[in-house]
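Given below, in the form of structure tokens, are the structures.
One chain, chain A, links the two complexes that follow: it is found with chain B in the first and with chain C in the second.
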Partner chain A sequence: MAVIDARDTIEPRPVATQPLSVLGRVHPAAWLLAVFLLFLPAFASNFVLTQLFGWAMILGMVALSLMFLAGYGGMVSLVQLTVAACAGYMVAIFGTSAVDAISLKWAWWVAVPIAIVIAVIFGTISGALSVRTEGIYTIMITLAIASGFYYFTLQNYTIFNGFSGFNAVNAPVVFGVNWRDPIPFYYLCLFWAAASFLAVVYVSRSPFGLALQGTRDNARRMEALGFNVTAHRIAAYAFASLIAAIAGVLLVWQQIQISPGTAGVGPVVDILVIAVVGGIGRPIGPFIGAFIYVVLRTFAVDVLEGLGLDGKRFQLLIGLGFLVIVLFSPDGVLGLWSRFKDRVLNSNSLRPGGGSA
Partner chain B sequence: MFRHLLATAALAALTATGAQAQDNKLKIGVLATLEGALTTLGEDAVRGLQVAVKQAGGKIAGKEVELIIVPTNASPDSALRGVRKLVEQDKVPIVIGPVSGSEGIALRDYSKTQPGVTFLNGSSGALETTFVTPSENFFRFNMNGAQWLAGLGEYLYKDKGYKKIVTLAEDYSFPYTQIMGLATEYCRLGGQITERLWVPLGTKDFASIIAKLPDDVDAIYLGLGGGDAVNFFNQYAQAGGKAKLVGGSIMVDQTVLSSKGAAKRLAIGVPSAGPQADTWDDPKWQAWVKAYQDAFPADKRFPIPSLTGTAYYNAFNALNQAMTKINGDLSDGHKKLRETLAALELDAPNGKIKLDKNRQAIGTNFVYEIVEAPNGDLVSKMVKLVPNVSQNLGFDDATFQRIGLPSRTSPECKKSY
Partner chain C sequence: MPTTVAERLSAAGTANALDLRGVTRMFGALAALVDITLSVRPGERRAVLGSNGAGKTTLFNCITGDFPPTSGIIRFFGEDVTSFPPHERIRRGLRRTYQISALFTGLAVIDNVYLACRGVSRGRFSLIRPRRDDGLMQSALDLVDAVHLTDVKDRLVSELSYGQQRQLEVALALAGAPRFILFDEPAAGLSPTERRELVEILTSLPKHIGYIIIEHDMDVALRVVESVTMMHNGRIFKEGRPEEIESDPEVQELYLGGAHGGGHG
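Let's look at the complex of A and B:
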């Protein structure tokens, strides 16, 4: 399907990019979800807003940037959380934190754009280093960059303040709203998560996105057609890094602090797990995966102890949860859903979404 | 099926927030390192707490105690995420924890945003936690890492005759604080620290650092903990290392001594210092050891409670005593509880503990050496007791301020400060 779409790109104006026709095709369930998310603060506690949904949306954005690269570009990049952490660190370094000796205390409207620009440059350079490789080698290179960043932040004291990192990195007060408060912060996350989601959907249908999917399916043919495959891939990294960088700014505000553990090797791999569990074929997948991850991560101990088991084994429950999902459905929760739908409707219509990375 | 599972989980998450703490129950949130390099320390911390709860009959001031334990991995991120769940989701009025230094600093900052909650430190020992911008509702009934090495510098220089040492420690706030305690005492007497080597927390391969250790020094000070300490001992033994060793407070305590392998052989005779000595003959200490041993089968505990076990045990007892005195009155934003805690003198198994104006413990410290007990267990045997160790380490306020915060290079090793 993607290859057919890719051919369409040669034509000047693909129909799908027109906004109105897109709106009309939105699934009713999506409207329900949107209403639910918009009115959630009316009945959910602060903890649910920031620690469950806020965190899930932030991780979802990071995983979304990975999904964009992996699902549409065929590049599994483990550097996305590192890009986010880089943005977070820059917010702490250029903005305010409790570490007076390092933080420059610039206003947020200077610090945040600089942070995002630096993170995007970092992500793009990482991408440029890894785009000429395929499959497992891309994973290896990006993992190497990610763990390099982790150990650098861990051992560098002049810029990154080592193991302790930066604490008291608060979201600013803008337009009289304290964005650190749970409800404003929830809407901030919701806005950027929705914006990134729509941006990914839009870009995936734009000539650029279709060409990118073409390079995923057959890079040599795209090259022969006159596309610069490497440039497309690097541009994809830049776009994905932008999403990850915005998520990184939100992440540091959500945690109120940042330290090397934020982007350690474990969490970096968790992002891949989130994307795979949610489903790497469509942009909504990473958000579903992130929500499952956050719920498991937060409540595994309580569930175990509620069942009268040893709470110390919570990692086992998390692992089993992911294992079961991946075992029953190689394309994540979304794959389960579409298979379920296929069976119930007994229809053999076209499977939605792109390929399976 | 999974959708169903997910929906239930989400529902549970949403409804759980509506659940109220019942009047006859007292929820206590607990942070313990149950992941990563310091897992054994966190596990023993939980054991210490369980013994204390059992001794209190499961009740504090007539209210039934409910412990809600959240696992961390010694990083400030995990501690913050954990404590937010405890305070904002489980609505606990009291938090006990954390185990590790940098976690404690993160918790101090968080405690300022939660004036309605009272925090009792578990065993974390960074200096900054109670020294820099201390928090009104954060109480630390254990001494910090620097206090835990009080007496060791003098013992090394005078009794052992070590004039020159090199240090190897994990690269975070607790080992910095420990070396501060060692250096200020050891260097003032004339000892020299020729080099300070740092490894990241969670290091598994020490081969390159072992190769770097100089052999023209009298001893090597090791400030590692948990799994890192065990890994170092094993690899150092394999490399055929023969230097004289000195341990930090969690380098040669039960969390490491109870492990299997080469650690046992290398640790014998290693001097160290800390807030407890395993074979101290004080009846209170012996009673605590016995209570700990009786509470768990031998394969589910250490032969002797570790430093974290004792620290959490003390934290709970401090809370229990204060709550009993005020009859469990938590009204007016815990006002009475905080006043009582601040004035409390805890008659702990490892010596009397009282708090200074920063709500930081002043207590007794022990210098000890590791010996093999008749039954083959390795235990620490006291060689010297240092009473009334305060956060200032015997300096006056101005001098102590001038020395500054501990870091990789600070404080310098010099004869006067």
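Let's look at the complex of A and C:
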């Protein structure tokens, strides 16, 4: 073993092939970001904590589950927000809400695990229905499931309470802490967002994650190496659904309500936009995309109205941003950034003395 | 699956490595394979020769299950695998390479080989990263070394030269404990040095591992096999030992008469 260790220190491998590097080679910027996020409640307002960062981290988790499927598995699933909404609905149905006739008022530690299990089963079945298709057909099938769920919740009153859905879906009070209070809720979101992010990073280098990337690059060869490609893809949906389901529980607590519009076709497509704008190639991309999206949604209306324009045009702004990203950078904002960095480094190294960098 | 293991063991004692009975494969109206009947003993090494479009690659695709045959039966060490998906055949010890490299271009060389090793062992769904001293990682490193790619083991496959990709293609087929390997033109496009290395790899494979090699280059093909099957228009029209095939006037006319004719003697 000593021989191997010595060889590894002499020729360091790139991060992508490092067997164990969760904390080994973290970028300094990531440490800065971590410190910033940890201490944000010290100086940020309640609005910033829950409506900006909390929401962005939740949407980021949903988009992360899409990134896992699309970036590593080559499967563009539009059902991820629906899986989250399914978990949210189950929390409202099994737990507490203002709709006494439906909500079962079970304790959170019963309702939440049940909600997550049901959402994961729903997501896995959706995956099983779509994994034999490719490209545009995967998008169509998952979109069909998502809009099916939307119309079902809209028209079903006995379980999903139709158009009005559930309000007053409150987060529980545990250990004397109300988890919907801004600061606890912020840390709750931060914990699960970070956990999902690290889990995806870790799993991407596990046999399961590597094999998923193998099916993305060449499914036929994966079969010829002994892998059951269909089973692998379905398992990837199950893993992604778990992340989306946890995000769904946080989402219903953040919004304090859930209704069919939570996972209408518009928001479902927004998740795809978030993932693509942020960058679908790396797990951090969806969070960047979600933050941009939340900031635009929150402030673009005011800015546009301040300029004397119709506030509703913020959608146009998001759409334009999407168009620009897709046209100029297939790997999202992250791609723009790394290209910018390359250009700066290159021009530096052309200058005399710049090569030292 | 204890019963099938028992079945496999009892069958393996007597059976041929490969038994094809009346295998036919249609592409629409085109018959790419017509009523192929072929037996290969365990450990036997055979070349399949034939002009372009003769159906050689289609034969491999039927044996591995990439395309199922339209009709006919395929037995692998006595077991009827005709209706098995490819991964089930691979797990039973069958391996193949592709004429057009089929690699994971977004992954590093070592990860490609590691996947090949993982595919034929347990833990395909494992969420735990391999440790440094992981047994499979060791065999992957050994395989990378065997095809002379150690220097580039951490590069992405998309950055490799054509010859290196062909060598990696061979490495993927050697993972685990192969019992029978199908090589589809492994030497195509290799430099003379790389060809020599390939011949070395083939001749140094353990005796019990049989293979079929499709190869246009007679210098490579006839050096590494003990029997030859000639194909033409989806049919087998001659089988024999390399010397017999080389001197056969019909073969000379149909196949060796072309570009390969005079060179080898």
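By our rule, the second predicted complex is superposed on the first by the 322 of 357 C-alpha atoms of A that agree within 3 Å, B and C clash if a C-alpha of one lies under 4 Å from a C-alpha of the other, contacts with A are read in each partner's own complex, and residues count from 1 in each chain.
The working rule: a residue touches a chain if its C-beta (ideal position, glycine included) is under 8 Å from a C-beta of that chain, and two chains touch if they have at least 3 such contacts.
All values derive from a computational prediction rather than experimental measurement.
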item: Chain A: partner with more touched residues, chain B or chain C; value: B
item: Which of chain B and chain C A:48 touches, first, second, both or neither; value: first
item: Touched partner set for A:214, first chain B, second chain C, both or neither; value: second
item: First, second, both or neither for A:157, with chain B first and chain C second; value: first
item: Partner chain in contact with A:282 - chain B first, chain C second, else both or neither; value: neither
item: Contacting residues of chain A [partner chain B, same complex]; value: 43-48, 51-52, 98, 151, 154-155, 157, 162-165, 167-168, 255-262, 264, 291-292, 295-296, 298-299, 301-302, 311-312, 314-315, 324-325, 328, 333, 336-337
item: List of chain A residues in touch with chain C within their complex; value: 1, 4-5, 8, 13-14, 16-17, 19-20, 202-203, 205-211, 213-214, 216-218, 220-229, 232, 235
item: Chain A partner contacts - residues on chain B that touch it in the complex; value: 2-3, 6, 9-10, 12-14, 17, 34-35, 43, 68-71, 73, 75-78, 80-81, 84-85, 88-89, 102, 105-106, 109-110, 171-173, 198, 200-201, 407-408
item: Chain C residues touching chain A - in the complex, by the definition given at the top; value: 64-66, 85-87, 90-91, 96, 98, 102-108, 110-111, 114-116, 118-120, 123-133, 137, 154, 156, 172, 175-176
